[in-house]
Amino acid sequence: MRGILREPLGALGLTLVAVVVLSAIFAGVLTSYAPSKISPTERFASPSLLHLLGTDHLGRDLFTRVLYGGRIALMIALGATLASLVVGVVLGLIAGYGPRWLDNIMLLVFDAVKSFPTVMLALTLVTLFGPSLYAVVLVVMLVNVPGYARIIRTQTLVLKSAEHVMAARSMGASATRILGIHILPNIIGPILILVSMDVPVVVAIEAGMSFLGLGVRPPTPSWGAILNDGFANIRDSYWIVIAGGLPIVLTTLGFTFLGETLRDLFDPRLKRRS
Amino acid sequence: MFRYALKRLGLGAVIITVALMMLFAMVYLIPGDPASVALGPRATPAMIADLRARMGLDQPIWRQFLHFYGSVLRGDLGTEVLSNRPVFDVVMEQLPFTLILVLGGISWSVALGIPLGCIAAVRRGGFVDRVIGVMSVAMIAVPSFVVAIYSLLVFAVALQWLPAIGAGEPGNLSSRLLHLILPSLAVGLGWIGYISRMVRASMLETLEASHIRTARAFGLPERRIIYTYALRIAVLPTITLLGVGIGQMLSSSVFAEIVFARPGIGKLVYEAISTRNYPIVSGAVLVTTVFFVLVNVAADILVGTLDPRVRASFN
Amino acid sequence: MTVLDVRNLSVDFQTEGGRLEALKQVSFTVPANRSVGVVGESGCGKSTLINAVLGLLADNGEITSGEIVFEGGKDLARLDADSMRALRGQRIATVFQDPMGALNPVLSVGRQMRDIQYRSGLSKRDKDARSVAMLRKVRIPDPESRLAQFPHEFSGGMKQRIAIAMALMMEPALLIADEPTTALDATLEVATIELLKDLQRDIGCSVLFISHHLGVIAELCDEMIVMYAGEVVESGTTREIFHDARHPYTQRLLACDPARLSHRVPRLPTIAGTLPDLRHRPPGCVFQPRCDRADTQCLTVPPRASLGGSHSARCWHAEVPLAEVTA
């Protein structure tokens, strides 16, 4: 912790992340408006003491919507990241520890999934399933899982022939036991740092899909949805896009700066990979 | 060299096949019956059965896939329902707009990323290096659609320096270029950061090499040592990276096209979704995916031809 | 006439563990048309010496005292970067140890040879003609067509000959050869030494030849200096040192040379002990901690004992002849 604060970039990142997280948690305390309360008399109000970031085309308080939008963004980031991590680790372990042919097929599938440009993938999925929060999570997983699984697979392959694993195998330990006790704990550290560095990407995917109207459904507050509302009125009510974009910029920057600092502190070797 | 290219192409073909399978699975198997979807709610069961037979939907799955794969290879992606034109033609009509946008993004990222990376490497550890480092990270982190909207707000709406909408008048080059500036910057900004970091890292590595010491011992001007002797080696990893970059820029271009109301694949797909025009969606996704895979293969082969060392290892 | 005159040169490096004296009071001369060998174990300061002469010391290195007088005029220790660069490759040329890495892998050999002639003002065609002539001199077969080739298309020995050709192309006054044969096998080594000798006679330049291989020095050099831990411990003509070395370090070095062993030994002899930590030099004579002749006198810095002619050794006990020393 002290190491993070000593780096100016790390301190800045930590501050931004703390602000975003805390304001999402205490959204109810920080504002007296309800996020989806429509107020026809206050449409397109520019920023003032009454409405810190102004109001949108339905007269909703943008500051409130930004705070509650943070909840959505962070919840999706956390949920989708954890889901990708779990699936990625399981698939990676199977590919690395399982038979050769299965490994080859899985690698091919990973490559194939990665060969779809992200947004195209998102668009296709939404065409099939309709826009929803789950579509966002699914897209995040399809984007992240191949990468995580690949790294876990490589590490598993390395450890598979390590002495302590060989010893456990010769003593007749089951595959799940070996993977769970002897392999996973040894490889999970570095991947956690990489995963945490993907948080801004996930935030961007959620906001991006909601901006296109493919993610979170209105009237649920989302930064991307605010951007979309503001984009339609960009010529007259510039503050709406500013209110929608600023939290996205601050959150992605905060998590990125923090992640970079963490990575440099914990694992200088990873620096080469990016 | 030739064998390497062939191998790389073969792998690309396999990946495209697997990707096609997945697309096929998604579009043909998961949602409701495509025939009833295509005909709409007022279709009679007899009409649906007839269309099912014509679409080959009564055949076993593997045959359907082979049929699908065969028609894709022939460039037959089905027919657009509304205008009754081949999907392939509709997609190809829009492709050039997107390609130019991506090309613009690459130009931004290469034109700014390489010099920034070089300067950072030469000023290693100094103030300039740190500033470029933070800027690069920031450019990578901020999502392209926010960049698109904010640059639209600042340069087109507030300052009114640049046009906001469309791709410019056909045939008017300067109008086209003016309309390209903001969208391509939004597409390429993140990659300025990636490339500058990449070039910095590989430049630092290259400057340690003993042939650079030789060049110095021969008294070559420092400029030439950095920009010819070292940079030629330091940019090679960037080319492979650009292969991946094009995929991400294709994604960003969807946003840029929507924000700046430009024609292109992204806008095509986006509009097709709202009208539930599935053949267009799957056709466009297919074309971009194939394009992306081919670009990656090309990037790998290009690195091979540019780097005599890699070239040697193929033979 | 003296081409290079190094006087009391000291170089320090600032490291994380403190200041490190890489060279201490180094003095020697390289006369015109002569070859001077520098011998010593790795870490003795040979590379630092070259880099100091070339003005290519790393950023944390600094010349703290002394002069490097080149061709009787300029002091290289104080020359500005541009004038220094003008000398490099022009009047002072260098051949480095690693022939595999010494040439730029992505530029053709012809391009690199053309580039180092950038100050000549010749046309591209004339530059190429000179490159071809030079490659022919170093016995590269079919040089015209090989100009377009890249370094990886040549063998290790050929690459080293190309490096020599590049170094001598501008007819420098001083050629610095930094272990140019170490990476080559024995046959190639002999051929390369012969080539260097011939070319030196042809061009009429001086050579500063760095090696830890005594046999090569004996073959090529007229004079030599022996370095230990950044200091010159003995200097003289090659003949004097090979037959009448007086410094205990030189004597052990000669005694340990496999080529000079008079009878078969089960294991190659080595000098006991290790190089001193240059951040904390031992008091007095720098070799004293490893020397079997050391006594209390050696705790004060020994003077440079003149042994007749140019031969001198920095030792309190320079009277013991070489013949009495065995491995």
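Order of writing sets the labels: A, B and C. Residues in every chain begin at 1.
The criterion applied here is as follows: contacts are C-beta pairs under 8 Å (C-beta built on N, C-alpha and C of every residue); 3 or more make two chains touch, one makes a residue touch a chain.
Owing to the predicted nature of the structure, the values given are computational and were not obtained by experimental measurement.
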| item | value |
| --- | --- |
| Chain pair with the most C-beta contacts | A-B |
| Farthest chain relative to subunit A (centres taken as mean CA coordinates) | C |
| Chain centre separation (subunit B, subunit C; CA means) in Å | 54 |
| Subunit A and subunit C: spacing of chain centres that average the CA atoms, whole Å | 58 |
| Whole-Å gap separating subunit A and subunit B, where each centre is the average of the chain's CA atoms | 22 |
| Contact footprint of subunit C on subunit B as seen in their complex | 209-211, 213-222, 224, 228-229, 232-233, 236, 306-309, 312 |
| Subunit B partner contacts - residues on subunit C that touch it in the complex | 54, 56, 85-90, 93-94, 96, 98, 101-107, 115-116, 118-119, 150, 152-153, 163, 166 |
| Contact footprint of subunit B on subunit A as seen in their complex | 9, 108-109, 111-113, 115-121, 123-128, 200, 204, 207-208, 211-212, 214, 227, 230-231, 234-235, 238, 241-242, 245, 248-249, 252-253, 255-257, 260, 272, 274 |
| Sites on subunit B touched by subunit A in the complex | 14-16, 18-19, 21-23, 26-27, 30-31, 134, 137-138, 140-143, 145-146, 149-150, 152-153, 157-158, 197, 201, 247-248, 250-252, 254-255, 258-259, 266, 269-270, 273, 276, 278, 281-282, 284-285, 288-289, 292-293, 296 |
